[in-house]
Amino acid sequence: MLQLDNFKSVIDKYKVIFFDAFGVLKNYEGLLPGIEKTFAYMEAQGKEYYIVTNDASRSPAQLAESYHRGGLTFISPDRIVSSGMLTKEYLDLKVKDGIVAYLGTVNSAHYIESSGLKTLPVSKIDSSNIDKVNALVFLDDEGFDWASDLNKTVNIIRKRTIPVIVANTDRAYPLTVSDVSIAIGGIAAMVESVVGKQFIRFGKPDAQMFMFAYDLVRSHMKAGKHEILMVGDTLNTDILGGNKFGLDTVLVLSGNTLAQDVQARITAMGIVPTYICESAVISEDELGF
Amino acid sequence: MLQLDNFKSVIDKYKVIFFDAFGVLKNYEGLLPGIEKTFAYMEAQGKEYYIVTNDASRSPAQLAESYHRGGLTFISPDRIVSSGMLTKEYLDLKVKDGIVAYLGTVNSAHYIESSGLKTLPVSKIDSSNIDKVNALVFLDDEGFDWASDLNKTVNIIRKRTIPVIVANTDRAYPLTVSDVSIAIGGIAAMVESVVGKQFIRFGKPDAQMFMFAYDLVRSHMKAGKHEILMVGDTLNTDILGGNKFGLDTVLVLSGNTLAQDVQARITAMGIVPTYICESAVISEDELGF
Amino acid sequence: MLQLDNFKSVIDKYKVIFFDAFGVLKNYEGLLPGIEKTFAYMEAQGKEYYIVTNDASRSPAQLAESYHRGGLTFISPDRIVSSGMLTKEYLDLKVKDGIVAYLGTVNSAHYIESSGLKTLPVSKIDSSNIDKVNALVFLDDEGFDWASDLNKTVNIIRKRTIPVIVANTDRAYPLTVSDVSIAIGGIAAMVESVVGKQFIRFGKPDAQMFMFAYDLVRSHMKAGKHEILMVGDTLNTDILGGNKFGLDTVLVLSGNTLAQDVQARITAMGIVPTYICESAVISEDELGF
Amino acid sequence: MLQLDNFKSVIDKYKVIFFDAFGVLKNYEGLLPGIEKTFAYMEAQGKEYYIVTNDASRSPAQLAESYHRGGLTFISPDRIVSSGMLTKEYLDLKVKDGIVAYLGTVNSAHYIESSGLKTLPVSKIDSSNIDKVNALVFLDDEGFDWASDLNKTVNIIRKRTIPVIVANTDRAYPLTVSDVSIAIGGIAAMVESVVGKQFIRFGKPDAQMFMFAYDLVRSHMKAGKHEILMVGDTLNTDILGGNKFGLDTVLVLSGNTLAQDVQARITAMGIVPTYICESAVISEDELGF
């Protein structure tokens, strides 16, 4: 029988908690019932918390707003670290001028825009402006025509020697209890194998996500890696990445990894979380208020 | 300097010639000018010839017809071996009843139909008939909506433990002198990596293509592998596959592999053709008729 | 509960049976007790049978002898199809002269020798003879010093543009009930990724193994693919390869795939055997003689 | 014609310079003649410099000593960031007790030892102590018997669900002008594919290497990523990793990438350095002292 740890007892040992979003705080039906109590408890205890999420479809402000609409008002934009933010930092540092072509919604592109750079959807690239394209970014699986725009993307990348950025490493995401959807990371992997060039990927399990969050933590407090806990529902992103970065990790069973599979998967993959908990929800009884 | 072999001298040494289609007999502009003389010569010399092609978009009859329209009347349907034919053989032998769901045009599906099996495009699969789906086939990159039908395909394969067949291993194909198009083999590789199951692939360089052609040869003549020559423009399909099957191979420079790159590519990949020729076209001078 | 098929009833439906060796006829302790009764039954019924095995460590004669020593006298050398035989055919057809360098035992090299070709262990290749090396073959994980000879192999392949043949695709093989050993296929994959060239692999699940066996069958009888059954213990070699070639397949639970894992593995891999049986042993009761 | 940048002019624009070691500061013959002048210049200009190297065979102190022996006395241990240091940090943070089994020399293991953890070569693991093995580390390609210890490693990892750390991601390293040697990263990839579990890798191009160096920089000065330059000879480690972390990068042609190949490789891989320079050596003339 699987021995589960108590989530409240686990977080009591740490000063800072990193949360994955999907499968931990919310699922396809919305926020997990009761999850706001966990945040109220952390606030009361003076713990720091951050959302570390593979998502480039919206800005941190928009992501925060979606939590607020669901009733989780604790999450402010400055507590969110997304793969979209790493993409924006990359473009700010490394692409000085010209056009950034993108696959995704207009809204996803809006966030990565900065002074000097113009974003244009791949569908708007043609012989008149292709020479000014200095980077191409995979942002979101929506907002474009897959057949025509993916073929166009392949040919832009063949003709231009430019950095290609994948702003979300996930290959699929859950849509309903039984269905998944192909994510932009899966689409980008296909294009990469067709063109044979190496793309730049941002997202867990890559260390750069955790470092961005860790830098944010250290900008307003002193904290060592041993004082930070990563909470996630997926072994090969949240747990592998957190472990490798040197954090303790807790696998919750409210998302990608189900109770009946957890031991077999840990053994098969060789990825071992520090703790395993039912979910990140703390019950009213435990809180005592 | 690259030492080229004379194509006529090369084929003079063999009884049977296998030809790749795209990049050897035709390109995006149509048939190679003069290619019909090569076939006239082979006819005059009593040589056997076959087209061995990664193509599941049309039946052998339709493929032959397209050569006839271009003026190459030598190519009859019984001289064509396509990856679509292997797919049809697989379904005939291994799938006894139910629905074969497919991605491709209605025409591509027509050819693989057989008694007892019903083909349905992925777009027509829903909760009412998904339990009868006993195989899923990737036929062509056209004829379906990429975004909705690829997501649907992922979920059908997750729900049904059935064989998934990829009827063309190519990842891309040339569209114009400068542009390529993503092929159904590239799309299938993306879906395979998302669902994590193993698909069945038909097409060069796989030995089964060459065996199908070799069986066809032996059904009306005696011939050893050493009497057969494979002519192709692509090192890692035509040449690798031909070599591995035990055939002598000739790389022609009229398609995928350009004269200026050929030595570097052979060295980099470690795939060595028996001969290298400018093209499969025999000039009028050489023919002397 | 897993519904198992009766092995005797299954083979009763076919004219020809292909058997994998390890995990089906024998394991690390020797021949499966009672397996000779299965062969006696097939003889009595006039069924044809062949051993189809990923093994290049010995010749068919030596492989047959090892069955005879164990008491299974039915298996003659002409009923064995090994990946070593495909390697030999390749060298006979495609390498005309010079040296074939190899990794393996002296005995494994003995079998692939033929007129005109000299085999030499990698350890004997130096600046005086490297220019005559026209092929390199991975035969067996024994018979050489891994550290020095694998480094030497890497450098021979970097310097010579020659075919590199892997005579056994397996990555590991069982040694005892709890331990495995790295196979020559795993070693070759490492060397391939270090040098970045494409090797030629012989062994299941590749169609060429099954074709070699099928050609052997047809050389002394008439048989269609639907009359042949492949018996194996491994989903992604025996069953995947048999299915793809168009044969019906039976997975036995006496080797690589255990009863408690079989359903989960079939679902995870998407590889579906036609039948599942306890083992290839037919009990005395069933035989009635 | 390739337009090269002047190395001195390039580094004049940055406050901090990160150097790869092999191919940049030294090659198989020792230190690059004149490289000490580059360091004298940086000292004179008050620039910060660090060595960022995929090496777990020795401690920073031993690495520094080897530069001193060669006459490059500027490089102190606190200016070295190695993949071995990341490995040590991982073990300190994540493995509390028990045995760390390793592949490598005794010296390589000495450095990763810490209070509470005992290191033991894989050859010393047996049934009496395997239950105490809480991590396994690939350190160096020397110091062990490849055949017996790699097979033992496979079986330890199959039996124990523990983190497996690869302390150097390189697959090969140059030995002489014409020969390479398989590196521990190549060996680890083979073992990973045989056991099917996911290992933890430290080394360029992974962001964690650059972050470790960046944290070191910021511990004694204020510096933004745009003020740091990465100097390397390899596109898919130094340049890809530096670019992705947001640093400007310079490719030098004194190591892995040769002048005649550089444009073709950049185009093929799609990895674009900010600058390309002959080497990191500044000539006496330029220095003017």
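Lettered A, B, C and D in written order, each chain numbered from 1.
FYI, a residue touches a chain if its C-beta (ideal position, glycine included) is under 8 Å from a C-beta of that chain, and two chains touch if they have at least 3 such contacts.
Every value quoted in this text rests on a predicted model; they were computed, and no experiment measured them.
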Both-way neighbours, i.e. chains that touch chain C and touch chain B: none
Interface residue identity across copies chain A, chain D - same or different by half: same
Rounded Å distance between chain A and chain B, as computed from the means of their C-alpha atoms: 41
For chain B paired with chain D, centre-to-centre distance based on mean C-alpha positions, whole Å: 45
Computed distance of Cα centres, chain D from chain A, in Å: 28
Set of chain C residues in contact with two or more other chains: none
Chain-level touch network, classified as line, ring, star, complete or other: ring
Contacting residues of chain C [partner chain D, same complex]: 141, 145-147, 150-151, 154-155, 158-159, 171-172, 178-182, 186-187, 189-191, 193-194
Chain A-touching residues of chain D, taken from the complex the two chains share: 89-90, 93-94, 157, 161-164, 195-200, 206-208, 211, 225-226, 236, 240, 243-248, 266-272
